[in-house]
Amino acid sequence: MGLIVAAAISGTPAWSAEPDSRRQRGEETLLKTTGAQGREVIDSLKRISPELGDWIVDFAYGDVFSNPGLPLCTRELATISALTALGNAQPQLKVHIEGALNVGCKPDEIIQVITQMAVYAGFPSALNGIAAAKEVFEKRRVGPAFSDPAQRRTPAG
Amino acid sequence: MGLIVAAAISGTPAWSAEPDSRRQRGEETLLKTTGAQGREVIDSLKRISPELGDWIVDFAYGDVFSNPGLPLCTRELATISALTALGNAQPQLKVHIEGALNVGCKPDEIIQVITQMAVYAGFPSALNGIAAAKEVFEKRRVGPAFSDPAQRRTPAG
Amino acid sequence: MGLIVAAAISGTPAWSAEPDSRRQRGEETLLKTTGAQGREVIDSLKRISPELGDWIVDFAYGDVFSNPGLPLCTRELATISALTALGNAQPQLKVHIEGALNVGCKPDEIIQVITQMAVYAGFPSALNGIAAAKEVFEKRRVGPAFSDPAQRRTPAG
Amino acid sequence: MGLIVAAAISGTPAWSAEPDSRRQRGEETLLKTTGAQGREVIDSLKRISPELGDWIVDFAYGDVFSNPGLPLCTRELATISALTALGNAQPQLKVHIEGALNVGCKPDEIIQVITQMAVYAGFPSALNGIAAAKEVFEKRRVGPAFSDPAQRRTPAG
Amino acid sequence: MGLIVAAAISGTPAWSAEPDSRRQRGEETLLKTTGAQGREVIDSLKRISPELGDWIVDFAYGDVFSNPGLPLCTRELATISALTALGNAQPQLKVHIEGALNVGCKPDEIIQVITQMAVYAGFPSALNGIAAAKEVFEKRRVGPAFSDPAQRRTPAG
Amino acid sequence: MGLIVAAAISGTPAWSAEPDSRRQRGEETLLKTTGAQGREVIDSLKRISPELGDWIVDFAYGDVFSNPGLPLCTRELATISALTALGNAQPQLKVHIEGALNVGCKPDEIIQVITQMAVYAGFPSALNGIAAAKEVFEKRRVGPAFSDPAQRRTPAG
C-alpha cells in the first residue's frame, strides 16, 4: 500500500500505517492485557457510548498500547504510576494492576512503582494505590516475594 | 545493630535498615541519575529550606530511588509518566527526562511513556510532556531512533 | 436595550447589580436546574456549615449560574465537562447530569461532552464520567437516541 | 462497505465507520478550528513524535471533534471549561480559545464558561483562564460586548 | 455576645447577614492581605470580566476571608498549602505568600506548610512552592530565622 | 537556646539531626495525632509494603510532622486544606480531620478551612470535604459551636 511506503519514508513506523488492522491489533492487546475484564468494560459501553468503546479498542489498545516500542509490562507500570499519581481513577488502576500481572510484571515491581509515587504525588496517593494493589493481589492470591516463601515463584518469576 | 536483625525478621529488606547510610546512598543515586543538576537543586535550597534538601537526598533518593527492587531506568520512566500525567511540574519533568537518559533509558522509551499518557491523562498533558522532552533532547543532542540515522546508536543502545 | 446601556455605563451587567435579589434568583435557578436534589444538598449543610449552603445559593446559583450570558444547558455541559475532567467529584457530576436533563439538554449531548474528555483528560476520566451518566440515565429512564427507537424523542428533542 | 453496514446495525453512527476518511476529516476539522496554528503544532511533532501528531489529527480531530453530535462551538466551550478547571495546560487553553473564536463562539460566551469555573475549580483556575483569554482577545482585537461599542459585532454576532 | 446569640437563632453568624457590607468588608480584607497587589488584579479584570473582579471582592474576600472564624494568618497558610498541593496556580500562590507576610505570618511558618506538602502532594509540588516563596522572600528581603541573624526579627516576630 | 544556636551553625535545626530518634519521634507524633487509627494503617501495610509503613512513621511523622516549627493543629489544618483541595484522598482526609480534633483544633476551625477551599478549589471539593467532616463529627459527637449550645465547650475550647 502506498500509505505504508509513505510512512516508512516519513518516519512513522510502518506497523502503525495499516489502518485495517487497528481493530484486530487492539482486540488482541486488550485480551492479552486485561483478559475478560477489558471486554466487559467495552461491552458495558455498548448501550450508552459504543464510540468510546471503539476508541478504547482501536486507539488506546490498537494504536498506543500495541506499539512495540515498549514491552507491555513497562507500559502497564507507566500506567499504574500515572493513575496512582492522579488518584482519581481507582477502577482503572485496578484493571491495570491486573493487566500488569497478566503480561508478566511481578507483584514486587507493581508495589515499587506505587510506593515510589509517595515521592512524586504524596503519601495519600501511594496509600490508595497500595489499597488497590492489595485488593487485586488478594483476589489473584499473589503478593510480594517477602510475604510468603511459597510465593517467591511469582507469575513472571 | 538490632534494627538490622529486626528488619530481616519482619520482612523489610535489610538494605534499607542501615540508617547511617541513607545520606551516602542518596547522594550516590542523586549523582548517578541527575549529575550536577540534582546537586544544584539541593544547594539552591540551602538558604531557604535545608530540610527539604535533606529529605530529597535521604528519603527520595536514599530510601526510595536507591531501592534495588526496580532498575533505575524503570524508576525514571515511572516518574516521567506520573509527572507528564499530573502536568504541574515541568521543571522536575525535565530533570527526570535527563535522569532517564543518564541511567541508560533510550530516547524512544521516554517518548513512548510520554505519548502513552495521551490515553491516561489526555493530549494536552502528552503534548506538554513532549515539549519538555524536545527541550532536553535538543540540549543533549539526542533523539528518537527514526529521526536521524546517525543517532540510531542512542546513549543506551 | 436598557440592559446593554446600563452595562456599558457601569461596566457590570445591570442584572447583577441588585444585591437583594441574589438569594431569590439563586433559589429559582437552583430549583430549575436541580429540582428537589439541590435543595436537599443545601439542607444537609444546615447543621454543619450553613454558610456553605448560603454561598451555593447566593453566589454559585444567584451570581454565576443565573447570569443570562449563557443558556442553562450550555452551563450544565460546561460543568459536566469540567467535573469529568477533574474526576474527583462524582456526586456533583451526577447532580449536574440530572441538571442538564432538567434544563433540556439531550442525553446525546451529555454523552458527547463526557466522551470528548477522553481527548482532554484521558480515558479513565471519560469512563468514570460515562458510568455517572449511565447511573443517572437508568434512574431517569432516558438514553442516547440510538439506544432505543422509542427514545428518539428525547426530552429536549 | 461491510463495515458501514455493520456499524448501522450495531448502533455506531455510520459517519464514524469510514476508516479511510479519518485523516481527511481530521485535517478539515483541525483547519476549521485552529487555522494555521494546529498545523504548526502537528508539524512541530514530526521530528520527535510523528505518531502523537497522527493521533491528534486522526483520533482527536477525526474521530472526536468531527462527530456531528455537538456543534463545534459547544465542543470548544467544553474544552475551554475543562482546561480552565485542570489549570495545567495553558498553551492548549489558548489554542482552544482561538479555536472557539474561529468556529463562531462569541467572546462573551468564552468569558462566561471560564468565569463559571470559579465555582467548580476555584478562583485561581478562573483567573488564569481569564489571563489566557485576555492574551488571545488582545491578539485578535476582540473582546466582550460591554467593553467597546465598536466590538458589539463580535465575530459570531 | 450578640454575635453568638444571633448566630444561635438564625444558624448563620450575624456578621455575614449584612449584605450591604459585603463589598466594603471585602475591600478592607483585600487591602489588608494583598496591599496594592490585589487591587491591581481586580483592576486588570475591568475590561474583560468585571464580574469576576466583583466576586473576588464580595465573595472570596467579603464572605469567606473576612469571616472571623479563623485568624487571617491561618487562612493564608491554608491557602498556601492548597495552592502548593494543586501546583497549577503559581501567580496566586505568590500573591498569598505575600498576603501571609502582610497579615503577620512568619517566613518560617510559610516554609513549614510548603515543605509539609512534600508528604501530601509530593516533592515536585513542594519544590515549586519553595521556588515561589524564594522569589517573594527575596523581593521582600525576608527569610527564615536561621538564614540570617539580623532577620530573626521577622515581620511578625 | 541551644536549638537555635545549633541551627544557625549547621543550617539545619538540631532536632532533626538525630537520626536514631526518627522512629521514636515518628511513633509518638503518629500516636498523638491519629491515636489507634494511624497504627492500624501502618499495620495494614505490613504484608504488602512494610517500607511504605516505615516511611510514614520515620519520614512523614518523624521528620515532617514532628518538626516544632508549626503547632500540630496548624499542621493538621494545612493537611486538611490540601486534601480537600486535591479531592482525591477521602480516607486520608477523614484521618486528618480526626487528627485535628485529637491535637486540639476546634470543629469550627476545621469547617472554616474546608469551606475556604470553595474559593481555591471550587465548591465540589468543599462539599466533599464537608461530607468527610460530617462523618467524623457524627462519630465523635462533636460539631460547630452554633449547632448545639451544649457543644460550645469543644475539645479544644
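We call the chains A, B, C, D, E and F, going by the order they appear; numbering starts again at 1 in every chain.
In this section, contacts are C-beta pairs under 8 Å (C-beta built on N, C-alpha and C of every residue); 3 or more make two chains touch, one makes a residue touch a chain.
Just so it is clear, the model here is predicted, and its values are computed rather than measured.
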item: Required steps from chain A to chain E (each step between touching chains, minimum); value: 1
item: Farthest chain (mean CA position) relative to chain B; value: C
item: Superposing rotation of chain C relative to chain E, computed on C-alpha atoms, to nearest 5°; value: 180
item: Self-contact between copies chain D and chain F, residue sets same or different by half; value: same
item: Whole-Å separation of chain centres (CA-atom averages), chain E against chain F; value: 21
item: Whole-Å separation of chain centres (CA-atom averages), chain A against chain C; value: 34
item: Chain centre separation in whole Å, for chain F relative to chain C (CA means); value: 34
item: Gap in Å, rounded to a whole number, between the CA centres of chain C and chain B; value: 42
item: Multi-partner residues of chain F (at least 2 other chains); value: 11, 13, 47, 51, 55, 59-60, 64, 67, 83, 85-88, 111, 115, 117-121, 123-125
item: Chain E partner contacts - residues on chain D that touch it in the complex; value: 86-88, 111, 114-115, 118, 123-128, 130, 133-134, 137, 143-144, 147
item: Interfacial residue positions of chain C with respect to chain E in the complex; value: 11-13, 16, 19-20, 22, 46, 50-51, 54-55, 59, 63-64, 67
item: Chain E partner contacts - residues on chain F that touch it in the complex; value: 4, 7-8, 11, 13, 59-60, 64-65, 67, 69-70, 74-75, 77-79, 81-86, 108-109, 111-113, 115-121, 145-146, 149
item: Touch list for chain A against partner chain C, complex; value: 41, 45, 47-52, 55-56, 60, 83, 86-89, 91-92
item: Partner chain C, residues of chain B touching it in the complex; value: 85, 117-125
